[in-house]
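Chain IDs A, B, C, D, E, F, G and H follow the sequence of writing; residue 1 opens each chain.
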Amino acid sequence: VGKPAVSIVMGSDSDLTLMEEAGKVLQDFGIQYEVVITSAHRSPKRTHLFVSGLIRRGIRVVIAGAGGAAHLAGTIAAQTILPVIGVPIPSSSLNGLDSLLSTVQMPSGVPVGTVGIGKAGVINAGLLAVQILALTSSTLSAKFTRYKQSLEKGVALKAQKIERKASKR
Amino acid sequence: VGKPAVSIVMGSDSDLTLMEEAGKVLQDFGIQYEVVITSAHRSPKRTHLFVSGLIRRGIRVVIAGAGGAAHLAGTIAAQTILPVIGVPIPSSSLNGLDSLLSTVQMPSGVPVGTVGIGKAGVINAGLLAVQILALTSSTLSAKFTRYKQSLEKGVALKAQKIERKASKR
Amino acid sequence: VGKPAVSIVMGSDSDLTLMEEAGKVLQDFGIQYEVVITSAHRSPKRTHLFVSGLIRRGIRVVIAGAGGAAHLAGTIAAQTILPVIGVPIPSSSLNGLDSLLSTVQMPSGVPVGTVGIGKAGVINAGLLAVQILALTSSTLSAKFTRYKQSLEKGVALKAQKIERKASKR
Amino acid sequence: VGKPAVSIVMGSDSDLTLMEEAGKVLQDFGIQYEVVITSAHRSPKRTHLFVSGLIRRGIRVVIAGAGGAAHLAGTIAAQTILPVIGVPIPSSSLNGLDSLLSTVQMPSGVPVGTVGIGKAGVINAGLLAVQILALTSSTLSAKFTRYKQSLEKGVALKAQKIERKASKR
Amino acid sequence: VGKPAVSIVMGSDSDLTLMEEAGKVLQDFGIQYEVVITSAHRSPKRTHLFVSGLIRRGIRVVIAGAGGAAHLAGTIAAQTILPVIGVPIPSSSLNGLDSLLSTVQMPSGVPVGTVGIGKAGVINAGLLAVQILALTSSTLSAKFTRYKQSLEKGVALKAQKIERKASKR
Amino acid sequence: VGKPAVSIVMGSDSDLTLMEEAGKVLQDFGIQYEVVITSAHRSPKRTHLFVSGLIRRGIRVVIAGAGGAAHLAGTIAAQTILPVIGVPIPSSSLNGLDSLLSTVQMPSGVPVGTVGIGKAGVINAGLLAVQILALTSSTLSAKFTRYKQSLEKGVALKAQKIERKASKR
Amino acid sequence: VGKPAVSIVMGSDSDLTLMEEAGKVLQDFGIQYEVVITSAHRSPKRTHLFVSGLIRRGIRVVIAGAGGAAHLAGTIAAQTILPVIGVPIPSSSLNGLDSLLSTVQMPSGVPVGTVGIGKAGVINAGLLAVQILALTSSTLSAKFTRYKQSLEKGVALKAQKIERKASKR
Amino acid sequence: VGKPAVSIVMGSDSDLTLMEEAGKVLQDFGIQYEVVITSAHRSPKRTHLFVSGLIRRGIRVVIAGAGGAAHLAGTIAAQTILPVIGVPIPSSSLNGLDSLLSTVQMPSGVPVGTVGIGKAGVINAGLLAVQILALTSSTLSAKFTRYKQSLEKGVALKAQKIERKASKR
């Protein structure tokens, strides 16, 4: 068993299904990760303990998701030198606009690299972590190059089936 | 020298002029207060130390102001049982909408009693602290009753001067 | 039968299910409360009568919930020296953004301590009332300390079940 | 001296310059009006007295302007059967979006006829009052017809001067 | 058969169910009304014909509902001296924020008295029309006084059933 | 088989059902079109190839639909001299407000003629393309004149059925 | 003197300086244009006359700018088969968000090709008109191709001066 | 002369003063960087050339700033496997809300790590780049640890001067 390189953190177990999308991406790239549930607000001590062990555990990138007054990513970023990727989770009333602004509008000195609201954002958080780790791994960087090619091919394949039928000439 | 009952906290010394409006209110009511500058993001340890000493110092109400991804009030609320009043400070780009949402949209379990954006909000934060302290002080409660009467009278006085001149009959 | 210390007010009986969440919190802390239905707009006389009896009835904190052009909390705050907690109830078209702004953006002189939109906000309104009452009750203050510990433990318990399974090493 | 038909109410003397634009419109149409300063929040008693005397004073239309959590128009509408026109006054942080939503999003049962934010809105509030009063005055209705013709002519006059010069053929 | 005093106009037959709420209000007050379907954009000629016949048909107040880039109320207001009440109809993507801003933000010279988005707004449009007509009808004005009393009573009745049960003392 | 005059492009096959509404409009006017699926982000090479062949293929107008950070229309506009019509597709979290702003707020030098969010916008994109092509086709221009007449008639027909029944005189 | 091909319309002479940016673009491309001032709301007859003469005057594309409840472009589009380009002019309170939504969110059947808010949008309106006219003019189309090349070159020229100095290696 | 590790790209030379804040951060950490001006929309070829040379030039992290329909970061991210940090530059009308949404709401597959709007965001973009590069440099990682300590100390120093004076006991 190896050490996880990425920590996927979320404020509540109800966010697990969504946040696991980032895990799936990491698995596809063969990157080990830990899943951690801790709330900046409800479990501040647990959060503090979690952050203070990050480097010792060998974590290199943190992906943190939260909704509403989403402070988790910022709280972690305040206490670590690791790059932190923030995922704004859709909130019940304001559709994640509050989550987005709470995550991205950090004061100078403490960056959170924020991705989009919801599922696309979570997947992209995983991919951004891969891109960062790929800077020092030619294997990962080759895999990511192939991934981007597969995106192109994926669009082309779907397109071919549909375009001819749908065009009217 | 007595002990301060209210702690006015802000993330940056640039917020001092604005946040002192809350202090002026407290002074008018004869309430002692401390002014503390600490950032949830830039000085998390200082913030933690500050919060853990609140009850020992005799503080009963916390007024916390921050802008942008405004986590200060929430971070404090996460670590204390004292009532926390959050002041959204206007931000340069989004005029404090981000500050407001980051302060008020707290997850269940950790309330922040939020007041309006900017100067009116800061003054109201001071007044809300007075109202809370007045629950156990008949002196304060009498003073606050007079304050509310003075609001009525203040409007009436200004109105009398203006209304006759401005009305056209 | 004792006297209620908190008044939970709402503009419409359709808000009852939501607003009762604040009542549940108070019950958990052994705090008596009254539930009142009165509208700032549809029943202004009833609202006025309600407010003028607050202190006589021994109420110490008011929790007021309304949606849309949500004036209930502000109307009450205008007429009492008690601390008023405002709950923005989600509105059908604008998801409670109108409720939030109508509740929180009070003019200087008349604070409303506003919590988040919807259910989390209602629960937090109850907790904020407890925090205020706990300032003068060592029983309540001990209970609230335990409540906060239970939040930490609750997160930890859920986390332990999930984290190991979800992490991929 | 006749009786005023319109009451122009505002929450603060600082709104006078803006709100007087409605008065100018009324004067142009020869309609008498009163100017009243009272705040829904800071002077609720004065506001209540003001509203309860409206019909006795012969007022037929109320124009109420307020900013932020703008409750003045709604508070008046709650207590009178007269048509109430609400003017959202620009607020310092949110540019009047809060004023607009607080004024217009009234619950069913208590309408406020809301005009635009700021100066154009204030002028239109005056004009809407004229239109309502013109329903029972052939003089006013003739004047308003001429006013609308003058709008057309005003555009045409300005246009003629500019259009030829600006067009490039 | 008498002449209708109010014209309820909408841009599309799909708005009928919603806009009929205004008609129900008028019926309750014994006011005759016409229902007209015409679009500012799809049937500009029909709209022009409709507006130019308003006064001849004896209409005294216009209620116009539209969604999205909601120009119907403004287009009518541009061509008549009658008071026009605008109803922002919820739109599919932006929940009626576009409808609200398109209806209320009229340039100076052409007011639209705007009510809230959706059903509460439509009902209030009907009530505002009643309030305007009540200025010259003691019957209507007495009815409206009773209507407001019934609002108070309605709240009180519902409240009595619920309050005792829900309060915990 | 003739050459298509319009290219309907979208970023994902999941947008096909929506974007085909533009195709139906073109078909109704007898205009040939191609349907192309390519993503500004996932298949930039394919997008580049697509754009560089536009003029050779005889395309005269491009209709491009995308959601979220909707760059497709802008990316195409950057590389062609053809008029580009942008369709903001509703996004899951922000209802298409992000799509709208990403499409319409282009820097000076590279216009995208943007239509409304969602289905009405897609249909209008088709119609705008027809209007542009009609500038050089008297057949199309006559057809579009008839189309606009049919809009008027369509409203009138629906109206007649409904208006009499709904009016209460 | 030739005939203008483009009509630049605006609701108020105060918009002239801004809207003339579109005229400058047309002049650069040697396209004649007329400048017209007419308001959808203040001068509806003038607007109607203006629209009904468009085709007779030989106009092929309309550029219409307005602010607030910006109906001008939509009103014109409702009455002509010509392509209409809408320019949302910044409004005093809501910074043009109201103008944008009022212009772009047109109902299906009546498209307005909308460009960005303010100066960049106005310039782009001129360019979009050129692109449309270039479809039937090889001269214009060659000019536009050169224009796009000049954009590339313009960026490159500015870049070369700056990049070397600013880079730190 | 070494090779730059970070590329700071912006769409216009007018963004240089703002974007250089990221460069200052990199200089403070001894990291070489290039400054590039190229627009996704005005100079797409230059942008393509720029991106295709990134890896050859040894760039490891890209910082891209743009405003309005801010596509630059996304366009670059579409064509490289390097991590891209997006900076939303304040726009003239919508204060950067458009820039933020255009930058952050990327579709799944193509992440842009987005920082806050404006100056704080630019500085944070520089710091996030440092954090990423620090993953493979113990020198940088030690420097960043000291940087975070200096943030704490900076707050403490400013605080000491101010707190005593401002507190009223």
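Criterion: contacts are C-beta pairs under 8 Å (C-beta built on N, C-alpha and C of every residue); 3 or more make two chains touch, one makes a residue touch a chain.
If you're wondering where the values come from, they're calculated on a predicted model, not measured in any experiment.
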Pair exhibiting more inter-chain C-beta contacts, B-D or D-E: D-E
From the options C-D, G-H or D-E, the pair that copies A-H, where over half of the contact pairs coincide: D-E
Whole-Å separation of chain centres (CA-atom averages), chain B against chain E: 41
Separation of mean Cα positions, chain G and chain D [Å, integer]: 34
Geometric centre distance via CA averages, chain G-chain C, whole Å: 51
Set of chain F residues in contact with two or more other chains: 39, 42, 44, 68-69, 94-95, 97, 104-107, 109-110, 112, 116-117, 119-120, 151
Touching pairs - complete list by chain label: A-B, A-C, A-F, A-H, B-C, B-D, B-H, C-D, C-E, D-E, D-G, E-F, E-G, F-G, F-H, G-H
Chain D residues touching chain E - in the complex, by the definition given at the top: 60-61, 81-83, 85, 100, 104-117, 119-120, 123-125, 127-128, 131-132, 134-136, 141, 144-145, 148, 151
Parts of chain E lying in touch with chain F, wherever the complex brings them together: 1-4, 13, 16, 20, 23, 26-27, 32-39, 42-46, 68-69, 92-95
Footprint of chain G on chain D - complex, ascending: 90, 95-97, 116-120, 151-152, 154-156, 158-159, 162-163, 166-169
Chain B contact footprint on chain A (complex, rising order): 11-12, 39-42, 44, 48, 67-71, 74-75, 77-79, 91, 93-94, 97-98, 101-107, 109-110, 112
